[in-house]
């Protein structure tokens, strides 16, 4: 038989003025199982709590109901107090007499009766409460950062400087990401590489950071604090320890006409290559698709030339499994390509380029050494049209969202062009100018007012080629939709920012949610912007939504702080409000039938398979098991399970049934 | 029939299977399930319009699984049930030889993928008779439906024939038998019967293969199958999913679309 | 091959040569055309502009007639007709509530089972045969002109790609022609304004003629009677507007294919053009 | 649920009627001007399509009147260039169709629309009586209606010589059915 | 008896939205009728249809089920699963002839204090007007254990 104490709080006048607390306390004495029922002015005050603690000891209570304010307010207070008095904290429940009763109803018998009813419900619940214990999860204090752009580098440096180990995984041969391709950055026009390169070097030399370039995450198991991550180290066909980065192999490689990814197809590279001169690590990689040796079985010039004999044609991909405590996703974005625009010629005009190609044209280290030359014939373009919102805010192209960075970089591009070609004419077609940010609008105004870039409010309907010019057919909506035709030498499309290739695949590997555009989903749009729904996995930068550099870096530091916070303890303590699948003695083992219909209902992928084996090792049955590290305690699986094999601690079937029976 | 029996014999003779599950003559027009354990017994198997029972109900039984590999003469509803059981991991690929019989055509299948492909070629859903019955129910006023079901259910004595005949009711411990807490009263009275049939329907919603076995099994003639049919049809209509159509589990109640219609929610 | 045939009004009158050349070419390729009996006008843009229900009922009658004749597929060479037929079919599929009223108007049941194809789709199916039967390659530079209605609106016609389409170019290459790279394949010619706003037609079609010549085309090839009449019948107005005499002929794709197959230019109706097809005698086969 | 500007709910606004009849949501238009930029006749319109949309979006009687009375809606060729390229997938020609009908119904159509209208009416008359388009009849009828008696007098004989003008109409057999069809559709209004 | 009839209303609400919303009703001191008894669960996903049936079984004349609006679920998708379950449950109840005017599904967010009061009042008034759930009480009467 239970020994339950009921403590009714007046909350000063807050409850007492509407509910007859004395009467309620009296009524509660008649509830079977209640051995002690008192009221007090302020239960949450020190004397109030002490009174409860003394009663627990004196009356050997095994459960308490505090009838006061909302449990969302003081449940932790009273549970802690109950725990200090020697009973399990989870044997304490609260009846909400204030927010749900005294404050919302008129004074009267009905209200007093309701107060007593509310307590009765909780008394019956407490009778079925089980002592619960916080779940402790050990934490491996090594973080993995996926993506080596400016966001990933910042996360890695911040965590490493916080004293923890970091593995930085980058799929391409060098870290640096898109930022290393940029010429200059808005709104300051400082050189992108000049500010990024030192960070890249710092990351490479940091004792706490392990770089894994030319590597991709293949598999992720486990849960917060205890991930097992398998990384595929793609074969560079090179012994990195021996290679000194002298570059002789690159000079001698006979295959020099390969379209260069780093220069967005505007330049060429060799089959053995370093993506760009400042690459980190500065070790080449052999491009298997284009290497003459892999195509024909002959060549091996690089091997012959290498002074340290570092080339390894027989090198294979390597799978490495690592123990990781937290993961930060910083995989960035990609730009829509110009071939996605039927009305602009499906990408067939060489002089219609995208924003990243313009960056390479404008970059001092780019294919034209920063001299403005249009791709088709190398002539200096006299008229350049920039088109903002190319593919963005365009539901017909499947991108209804704003790409956020284009307004700023288009202004920058127009400005850079005008700085390089003083006599040139720059036109920008735009729909709205979104320049919200420190010094951003001033920057756009400068482009318009000082550099005399002509802004035309309207979209471009068609571009075609005629007599070596690109005919841009637009309209000026500020002149009532009057058609505007501009004969341009080059057109720059500020194409939409899209989620990176294979981002959905990666999200599935990591069990994080993503939106319909493939961007990773944050746990809460306002209050948990750097966390994912999967505990222990965080986000930084444009893999979540279009972002510019300052935002990416800020979010990266935010994610790093989350990781450092997580790593500040050896163990992670979690509320024991989790679901469990029952286990019984053989031969039943469980009422779970292993249909796994619950699996789809779990928002956290917390439901695993557990094989019940005979002594011989033969699998007798496969049952569901809930990983307490992943379960967040929503109980959706519980309501899905036909055989009631799953129950939710703290809100169990028996507890709820008992509550219902009092009604 | 010839072809099926021939193949069954062959499989038995080669020792590839331990038994063939099919239909044999019972009293009068009744056809009863029959296990032929030896090639010689195969000739007792019959296949005609009187063969109605969904044989899938047997294949998850411990006693049958113990036999080893079994061949099942599977009419369309049985095929659907087997596929759903596979999706729900109650049967594995290769555990059964499915002799899928559709009219004159016979096809031998042994995996969920093959079964899915086979079933995809066929129109699924209710036949005209059942559709008409559902439409009749639909045409009643709410009050008339209540009276109708109260009348029907008043005969229910909770013999559980509907449950026991259902291929999808394979749970080792049925909710009805749970007593901590006892969600559904054991006794067969007004509220107990309503709750039992409500729970049975909800448990089969999204899983019912619409064989109608429960209705045929009811000794007092309650059309209980109309409840699960209505739920299943409404699921198909609202979510486009159908039980017993996919090899990979596609359970309507553990999937969702963010734009599921919610006009009924205030 | 056997296929239903809905010529439409233009092909009886102002674009007779399209009908003649279509029949001649398909006959040469052993395709049997089954004309929809007692067909009516599709209503074209006039019905479309003046009354929605009428604009559906007229095509629906044609489709219902085809259904009654047991046809599963009909060829509508006129791009306007095929566009109207497709629109009506889709509208009825989207709005089944309209069906009763339409069936009442046409006094026939309508099922919506007939597939509507345009001439380029049919020729594309026969591409290999055409290539094999080509005896006199059409070795000319051509501007392939699709116009509006063959490719737009894409959700209705669901044919080729809406900008810079390729199907006619492929066919032209198959018969030995060289399509020029030009940007106006789907620019509007002025369409239904042929009679009422000839000034607009002259301007829009003029742009096409001028550019095709500039890009070195010997002929403009079309697959739509309206485009053809604007580019051919209205050439006088075009030339007046452009203040220059443009002699580049406008030809139907079926005429080009017919010439390549060695058919008689007269059977292809080449003599009916206002702008003479000057090279027909030299390029075409001696009859 | 309907939303959009609060004006849209008033049945007396053109916007409301447009949305009811066509199902096109006017609020989808965000005034990018791409329709006007690609329209082959925008330069001749007194009001290009984007401006028609802008005015409709207000739902104010003075703007509705201007839209109904403008010439631009009659110049729309229904070439579908705009709707094909519209980033918001707005079916602009559908709206133009409807507005033209409203302009006629309310007797607000631009004077220069008369010719265009005369042509379409003549066209439909021809079909109603013969089942198929009778081009000579059409042109003659159009001339009477539009009073452009001399238009194209030079073209007709040339066409006749080329065999392109039949002097007799093509009659379909079921002409009664055709009359019935017209009565059941356009005749209802 | 009818004049004095006061309906019993049972509400199942999720902890993060509707329960918090009802707390806000309190903090805003918005008054509503006291017929409702609230049962708190973590998420609408936890709400088993058996709970609704049991509430009716225990003599509730009306039931409210409420949680987070779509997209707002604390557990990201519990409410979406719940919504589907309700769609099917509602259909089944309708087929069986249960009076669905007595079961109200709703979304009330943590910010919608006034909405909670309005919802409770509306449901209470509606159920009061409908009177005691006689049909159900009849079958309960047959089954008192």
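Brief remarks on what is shown
Chains here go by letter, A, B, C, D and E, matching the order in which they are written, and residues are numbered from 1 within each.
Keep in mind that, in the parts below, a contact is a pair of C-beta atoms (placed from the backbone, for glycine too) under 8 Å apart; a residue touches a chain by one contact, two chains touch by 3 or more.
None of these values were measured; they are calculated from a predicted model.
Looking at subunit D and subunit E, the chains in contact with each of them are A. More inter-chain C-beta contacts link the pair A-D than the other of A-C and A-D. When chain centres are defined as mean Cα coordinates, E lies farthest from subunit C. Comparing each chain's Cα centroid with the centroid of every protein Cα atom identifies chain A as the most central. Mean C-alpha positions place subunit B and subunit D at a centre distance of 58 Å.
Taking each chain's centre as the average of its CA atoms, subunit A and subunit B sit 44 Å apart. Note on chain placement: the centre of subunit A and the centre of subunit E lie 36 Å apart, centres being C-alpha means. We define each chain's centre as the mean of its Cα atoms; on that basis subunit C and subunit E are separated by 64 Å.
Residue numbers of subunit A whose C-beta contacts span two or more other chains: 343, 462, 601, 640, 653, 657. Contact with two or more other chains is made by residues 162-163 of subunit C. Shown for subunit B are the residues that touch two or more other chains, namely 183, 253-255. Shown are all chain pairs that touch, namely A-B, A-C, A-D, A-E, B-E, C-D.
Subunit B makes touch with subunit E in their complex at residues 137, 140, 142-150, 183-185, 187, 189-192, 194-195, 197-199, 201-202, 205-206, 226-227, 230-231, 234-235, 238-239, 252-258, 260-262, 264-266.
For subunit E in complex with subunit A, the residues that touch the partner chain are 8, 10, 15, 19-20, 22-27, 29-34, 37-43, 45-49, 51, 54-55, 58-60, 73-78, 81-82, 85, 117. Of all the residues in subunit C, the ones that touch subunit D in their complex are 9-10, 12-16, 38-41, 43-54, 57-58, 61, 101, 104-107, 148, 152-154, 162-163, 186-188, 190-193, 195-198, 200, 204, 233, 236, 271-274.
Subunit D contributes residues 40-41, 44, 75, 77-81, 83-84, 91, 97, 100-101, 115-116, 118-121, 123-124, 126-127, 131-133, 135, 139, 142, 146, 151-152, 155, 158-159, 162-166, 170, 172-174, 177-178, 180-182, 184-186, 188-189 to its touches with subunit C in the complex. Of all residues in subunit C, only 161-164, 183-184, 211 touch subunit A in the complex they form.
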